[in-house]
Amino acid sequence: MIRIENITKYHQGRPVLEDVSFTIAEGSNVGLIGPGGSGKSLLLKIVCGLVSPDGGKVFIDDVDVHSLTPQELADLRFRIGMLFQNYALFDFMNVGENIAFPLHQEGGFSDEEIDERVKQALIDISLPGIDHLFPNELSGGMKKRVSFARAVIRRPPILFYDDPTAGLDPVTSSKIFILLEKMKVEGGVTSVTISHDIQGIKSICDRFAMLEEGKLVFLGDHDEIEACEIPVVSKFWQGYSDDELEI
Amino acid sequence: MDSGSTKTEDPRREPTTFREFLASLGRPFVEIGDTVRGIFAVFGLTLYYMVRGRTRWKAIFEQLHEVGNRSVIFIAVTLGFLGMILIYQSGYQAQQITGDLQMLGGLFLQLLLREFAPTITAMMLATRVATGMAAQIGSMVVTEQVDALEMSAAQPIDYLVVPRFIATTIMTVVLSIFAVLVAYTAGAITAQLSFGLNVRTFVDMSFIGWFDVWMGLTKAVAYGMAIPIIACHAGLNVFGGSAGVGRATTAAVVNASLAVVILDFIISGAGYVILHLVS
Amino acid sequence: MHRLVSRLQLPFSILGEKALKWANITGGLILLTWQIMLNLLPWNWNFDGPEIWRSMYRVGVQSFPIVVVTAVLVGAIMVIQSGLYIEQYQAHGLLGWGAGYAILREVGPILIGLMFSGRVGANNTAELGTMKVTDQIDALRALAIDPVAYLVMPRFLAMIVMMFLLVVVGNFTALIGGAVTSQVLLGVDMMLFYQSVVTYVLLDDLWHGLIKSVMFGFAIAVISCYFGLATRGGAVGVGRAVNASVVGSAIAIFAIDYFVAFGTL
């Protein structure tokens, strides 16, 4: 269970997250939506302890993430997988080394075991036999899939996806969402997904949260968001704008 | 009102009140203080992980290659020119004033060891190596690779800074020795061609004492430790895309060069005092 | 057999690649210098006065503090280094000559030049490089504005003028730093230092350093603008461009210094 309490964060004196609180139950899949610059990625980074907030607390399984020592934080992160917006593949390692890296860091695996799991992971993302290639030789969709394989190689119970389809064409996007859906069907995973792809996010999430200018404006399940009366939420959900362009 | 929200102001705005004027005077000092504190924090963590962490020989060798082999030609060219320039200028002066060039080679070697070889080598490494490191680590920060390292439970300082720190410290010493050889050879050739000074007369080790060797080595080690720490600090603190990487590389070369000059001053001054106490 | 042949070809292909790269850079530098010269022709003058002032202000403000700090320390270091010899031969009257000559003629311009290239040159490359990778340069071209006239010329003029002025300031502060060090650390009276500088250091030495500073400014300006405009490949490319710019500037500084010394003696 992830509990986010009153998270506040300033950037150059301007609040980018203001008093955001919500709870993610074990096994639920939350879709985090909102316009660009509303603080979604920042919130995700605060939740996994990459950025410390100016106010508020984050508890993962009743442990305060921001009060941990580096070693305890490392142990916690063995149970979290993260798919980054910009792929974040290590460009000085090849694909195989990239995927195996979290296992090497955790330790306690034999080389054969790691090889086996990397091979299986590549089959799972239907890119078998590319482990010798380097990230700069891959297309955007392939990088996303490799990044996904790296995120899930430890089979973590908590998964964060930061805009898994950013900058991808519709066909590749749907492939990514099929992967994420498979992850959900296998079950037992708590996940948070940031995406602008409403159709895709509907298929993999059961609860939705919306941020607008650093504030949480909506939290609820699929039926609730469909019926939501708040204008910013319903407009964003249906993907239209009736505002005049300000000139 | 929250203290955080009052800070929104355009830095280019003219200060209107006395308090703002004072604040604009103080801000650079606060920034310098933050930078220095950050650099020492990185230094402390690097030493901690060097002792505690696993030694990654492969990464260290890669960095040794990156820092050493790829700087050799650059160092050879610049220090070769420096050797020729120094011999030109000092030989000319010596000819004008004393007319005696017998001591030129010996004194030149002594000055190279004490001052010019380690310092100019370090200045060159501060441009080539520090910008390279800051750019590389900075790009890793903006493409979220450093975040990904942390999420894989690898400490960025342990993983990225420690190998660079070890490799640069070793290579600065090695390249300083190489620099002495290059500059001295270039100086000997210049002395032969321009002043007709025999190479046998030029090669004169009689001035060199342990003091000079220790001075040069201390400087090289100090520079070699300072440069990677400062460069990695600049790289790790990047924010904001390609403009941020540009800012970080500039900060790296400026801070590293300044650190070299400051360390040079401190070590030279300390050396002078020690020499006085001994004699 | 095929592998052996390709193995044997490898050094040549690397050599060829390097040669092509260097030829490319040299050609680009010459071309940029040529374009700058064309813009300097009197009938092509199309200068944006306020923009040049702004550039000069930026360049000066950016580098003034570090040049002063560097100069003071360099003065002190030179005094310490020559002090060791002065004491050996008990020739306190020559301290000002030794330190002053070294500062004004060689060490001052070189170290200030290196600092200037690190602070202003690197910053300039980073700025232009960021504009290049975010397509701002192409946008200028699309608006029929010549990037050389619009972006390079103000920086070029500002950097040459400011480098000259900074070396003037740097020389002065370095001598002050030297005088203070000689008094405090070596116990040589400041007045003796001052007299020694005035008596033995020639105006010629000062000019030698100042002329070099203009040439360094020219080289740093051209090199930093060239590598900035030639940037490719996102954030990584900007980092690489800055690296190439400072390395190129450092080589240029030492090469120019050598040829000036060679030419004047």
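By written order: A, B and C. Residues from 1 in each chain.
By definition in this document, a contact is a pair of C-beta atoms (placed from the backbone, for glycine too) under 8 Å apart; a residue touches a chain by one contact, two chains touch by 3 or more.
Model, not experiment: these values are computed from the prediction.
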item: Chain whose average C-alpha position is farthest from subunit C's own; value: A
item: Chain closest to the middle, measuring from C-alpha centroids that were averaged per chain; value: B
item: Whole-Å separation of chain centres (CA-atom averages), subunit A against subunit B; value: 41
item: Length of the line joining the C-alpha centres of subunit B and subunit C, rounded to whole Å; value: 17
item: Intercentroid distance (Cα basis), subunit C paired with subunit A, Å; value: 47
item: Junction residues of subunit A - those touching two or more other chains; value: none
item: Junction residues of subunit B, two or more chains touched; value: 142-143
item: Residues of subunit C defined as touching subunit B within the complex; value: 65-66, 69-70, 73-74, 76-77, 80-81, 83-85, 101, 105-106, 111, 114-115, 117-119, 122-123, 125-127, 129-130, 133-134, 185-186, 234-240, 242-243, 246-247, 249-251, 254-255, 257-258, 261-262, 265
item: Of all residues in subunit B, those that touch subunit C in their complex; value: 28, 74, 77-78, 81-82, 84-86, 88-89, 92-93, 107, 111, 114-115, 123-124, 126-128, 131-132, 134-136, 138-139, 142-143, 194, 241-247, 249-250, 253-254, 257-258, 261-262, 264-265, 268-269, 271-273, 275
item: Partner subunit A, residues of subunit B touching it in the complex; value: 4-9, 140, 142-145, 147-155
item: Complex interface listing, subunit A residues touching subunit B; value: 10, 12-15, 45, 48, 50, 54, 70, 74-75, 77-78, 80-82, 84-91, 101-102, 105-106, 150
